[in-house]
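Shared between the two complexes below is chain A, which has chain B as its partner in the first and chain C in the second.
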Partner chain A sequence: MSRGFDTERWTGLDGLVLVAAGAGVFTREASLLLAAGLGVVVLGYVRVAAIPEVSLRIERDLSDATPDPDDEVEVTLRVTNEGSGTLFDLRVVDGVPPALGVADGPARLGTALRPGATATATYTVTAVRGEHAWDETVVVVRDPSGAVESRETVSAETTLRCEPELAATADLPLRGLTSKYAGRVETDVPGSGLEFASIREYRHGDPIRRIDWNRRARTGELATVEFREERAASVVLVVDTRPEAHVAPGDEAETAVERSVDAASVAFSALLDSGDSVGVAAFGPDECWLAPSSGADHRARARRLFATHPAFAPTPPDGAFFPSVAVRRLRRRLASDAQVIFCSPLVDDYGVSVARRLEAYGHAVTVVSPDPTTTATIGARLARIERDLRLRELRRSGVRVLDWGDEPLGVALARAEAGWSR
Partner chain B sequence: MTLARRLFLLVGVVATAAGFAVVAGVSLGLELTDIFLGLVAALAALQGLRYVQRRRETPMNTTVTGDPEARVAVPIPGSDFDDDLVSAMGRHTHWAARKRVVDRLESRATQALVARDGRAPEEAAALLDTGGWTDDPVAARFLGASVSIPLRQRVRLFLSGQSSLTDRAGRTVAAIERIGTDDDSTGERR
Partner chain C sequence: MSEITRKPTRTGTAMALSVAGLTTFTLGFTTSTAAVGGLVATVALAAGLFRGSRRIVDAAGGLFFLSLLFAGATGAGTEALLLAALGSILAWDLAENAHSVGEHLGRETDTLRLELVHAAATLVVLAVGAAVVYGADRAAAGGQPITAVVLLLVGVVALVTVVTR
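Moving on, here comes the complex of A and B:
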């Protein structure tokens, strides 16, 4: 038997007993004295009240431990009383991972449990990308009168892992900065390719099929047609995961970081498909770096990284972060011919300065910015204006910006592409 | 247990034993007179009231569980400005917060005039001073221009309850939103 702690629920009953007794004596009313006597009995019970030793076993089952995003996963929580005493008032609150929202049913249970008996609670969570481990389950036990209470934690390890397939649902056009390898980014370098670039004087050794025979027939001179050379780019997807980027337009809405990671994973797949070498980096307290590369292994590594790396978790990080150190480190890692796709909601000025600095260092920067602003409050409207001003500032300084609202990424891209120059 | 408490306990036990003895018929020189009983009752009631009073000062001590069903809450962009607005109307942090609110709106208005309306920074500052950047006198006044609001409009604002800091800040934000858009054609009026 353990004593737990006093809930103070019955404090003051002794006062009522004394007042009732005093009034009973004073008025010679037997019923008042009797009531005071009953109070004394209750007080005695409260005095000796205790709760048995709590020994619980908790098991948790998921209907699917590796679901796809937005799938509903049924969680079954089984609580077994392994102690020797009956728990008259048992309350169990499950430690649902902070990034998961419960879609149906409370993640808690209130019951009485005989020794050896098992109670079950079922609830449904909606899966989001990431690796989610359940926290400790909180157990509150009270004696029947509620005079004493004890709080314990029981843990049962459960992990839900949601690794979305990397699907190239939108094709992200790149800027002109490329590596020396052949690929699909059209450059201004004349050579072999598909799109006409220029005609120049024939030089010895030019391939015969690139000679402009029409011109030869007209003027008798040999000339060579040149095309825009197509090369592969080396791209690093930088996701803004600073605490400032963890904002959302509403309580249940996706956070800006989640949308940034989504955009990055779509871009990753699209770029890899078109033969570019792609890397991933997080700009935030949790460090994450995947050097640009290509191939099936690289795709699998990136998929795992997007899903399970703590830097990309949907919950705000709490470590210390020194942004200027992080920018320097990122710069050191970026090859000189690497383009940067920076995914950031741009809700503060630092994101803008990061994009501008990288652009200034010669990495062609494209900013993909999920819009987390609303018009619900005055502050939110001001934040929308401020973000709009930041986007304008970036565009003015030559950075390509994709403002991604509620529409699918592909739609936003198609709209933005019209205004982009290479 | 302190000495005083021990003494009180002893007195209590002796009194209870004496009480039982008197009830059983043993004479201890004490008679259960009305006055005596009344005295005991008054003492008991007094002590009872003290206990009841103590209850009122004691909070319930119980485990509070969190809200595991909800997703982790992240702020909405701009919530810091809303917080500033609230504290600008509070009693203690009044002035500092109010200054933050006005400064932030002023710098955004300047930026918007430069970025959206194509003004030079000096021109934007001058427009803010004269209030010529907006057709809303409330917004112009809020950012420091000495524009007079017509008496009739003033009365209307007062009656509609729209004279609070929040409403003025809201109108200023709306005025900044209109900078550079088509319906700002009246912006150059003054």
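Moving on, here comes the complex of A and C:
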């Protein structure tokens, strides 16, 4: 038997009993003394209150442990009393992962449980990207009178893993910086390709197919037609996961980090499809780096990374972060011919300085910026104007910027592309 | 996203208010002042439960106690007063329990079993207690001299101090 802490529920009853008894004596009314007697019985009941040894087993079943995003997953919580005593007053609150929202039915349970009996609670959560582990379940046990209460935590390991498919729904055009491998990015380097670039004097060894025969017929000189060479790029997708980037326009809306990761996974898939080598990095307290590469293995690795790496978790990180160290480390890792696609809401000046520094070091930077601002209040409008100014500053320094509002990424891209120079 | 309504549970509210109503009815057999007091206490209990305020629930308990005290002092019948005392304690207990369960688990959770077991436990203890007290009274029926009454008071005080220590 364990004695928990006193709930102080019946505090004051002893005083009332004494008052009733005193009044009974003074008025010589037996009925008041009897009522006081009843109070004494209750006090005795409260006095003997004790909680049996709590020994609970908790099991949790998920209808689908690896759901797609936005799927509803039914969770069945089973609580079994493995102790020898009956638990008269058992209250269970399940430790639902903070990122998962309970969509239907409370993740709570209140019942009385005989030894060996099992109580069940069923609720539904909406899956979001990531790996979610359930926290400890909090159990509150009270004795039948409610005078004594004890709190314990019981844990049952359950993990829900939600890995979205990498879908290439929008094609992100790259900038001119490329590697030496053939690919699809049109460069200004003359050579073989599709788009006409220039005509130059014939040099020994030029392929016969590329000799300009019209000119030969007209002037008698040999000339070679040159095309814009198409090469593959090496791209690193950098996602801003600093606590500052965990901002959303409303309580229920997706945070900018969520949207950045979405944009990065779309871009990843599209770039991989077009033969470029793509890498992933997180710019935040949690370190994450996937070196640029290509192939099916790489795609699978990236899919897992986007889904389950703690750096891309939908909840803000709480570790210490040294941004200048992170920038230096990122720069060391980037190959000199690597382009950078930086996904950041740009709600502070540091994001701008990161993009500008990377651009200055010769990595062609494209910023994809999900817009988390609103126009609800004057402060929000000021934040929006500040962000607009930051975007303008970036554009002025030669960085490509995609301002991504509420519309799908593809639409934002089509609108922005019109204004981009090659 | 479903929110948790941290208000006294519906089951507990219904049970507490019905018991409070019955108690008021019982007080009606004593004096009309006590019955009015019971009615006020019931309204206060209802207000406390709907507002979700523990303080108002406790105040309602106090009003019930005052009504009992008045009824007893003006010579109410033993049976009626004992029954009303039983009802008052049960009503307050159920209301307070509904409040605490609502705070822990919210209104959406199914807590019928939990609250029924709690109500049954309290009811059994109170019923047995009332039967014992009433039986003792019957057994010792007759006009007690004042010394016996004083001794009884001393006994009650001793009991209370021992039991609450």
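Everything that follows uses one rule, which is that the second predicted complex is superposed on the first by the 416 of 422 C-alpha atoms of A that agree within 3 Å, B and C clash if a C-alpha of one lies under 4 Å from a C-alpha of the other, contacts with A are read in each partner's own complex, and residues count from 1 in each chain.
By our rule, a contact is a pair of C-beta atoms (placed from the backbone, for glycine too) under 8 Å apart; a residue touches a chain by one contact, two chains touch by 3 or more.
Computed from a prediction, not measured in an experiment: that's the story for all the values here.
Of the two partner chains placed around the shared chain by superposition, chain B and chain C are both touched by A:G22. Within the superposed three-chain model, A:L330 lies out of touch with both chain B and chain C [touch as defined at top]. Contacts of A:L38 after superposition: chain C is touched, whereas chain B is not reached.
Legend: residue contacts after superposition of the two complexes on their common chain; A:L290 is shown touching neither chain B nor chain C. When the shared chain is aligned, chain B comes close enough to touch A:T255, but chain C does not. For chain A, the partner touching the most residues, choosing from chain B and chain C, is B.
When the two complexes are overlaid on their common chain A, residue A:V102 makes contact with chain B and with chain C alike.
Judged by the touch definition given at the top, the superposed model places A:V247 against chain B, while chain C stays out of reach. In the superposition on chain A, contact of A:D6 is made with chain B only, not with chain C. After overlaying the two complexes on the shared chain, residue contacts for A:A112 are found with chain C alone; chain B is out of touch. With the contact threshold set out at the top, residues 7, 9, 14, 16-25, 91, 93, 101-102, 106, 108, 140, 252 of chain A are in contact with chain B in one structure and with chain C in the other.
Those residues of chain A that touch chain B in the complex are listed here as 5-9, 11-12, 14-26, 91, 93-96, 98-102, 106-108, 123, 135, 138, 140, 149, 151, 246-252, 255, 314-316, 345, 347, 372-374, 376-387, 389, 392-393, 396.
Interface residues of chain B facing chain A in the complex, by the touch rule stated above, are 37-38, 40-56, 58-63, 65-66, 68-85, 104-105, 108, 111-112, 115-116, 166, 169-170, 173-174, 176-177. By the touch criterion stated above, chain A contacts chain C in their complex at residues 7, 9, 14, 16-25, 27-45, 47, 88-91, 93, 101-106, 108-112, 121, 140, 144-146, 252.
Those residues of chain C whose C-beta lies close enough to touch chain A in the complex are 1-2, 4, 65, 68-69, 72-73, 75-78, 81-82, 85-86, 89, 93, 96-97, 100-101, 104-106, 108-111, 113-114, 117-118, 121-122, 125-126, 128-130, 132-134, 136-137, 146, 149-150, 152-153, 156-157, 159-160, 163-164.
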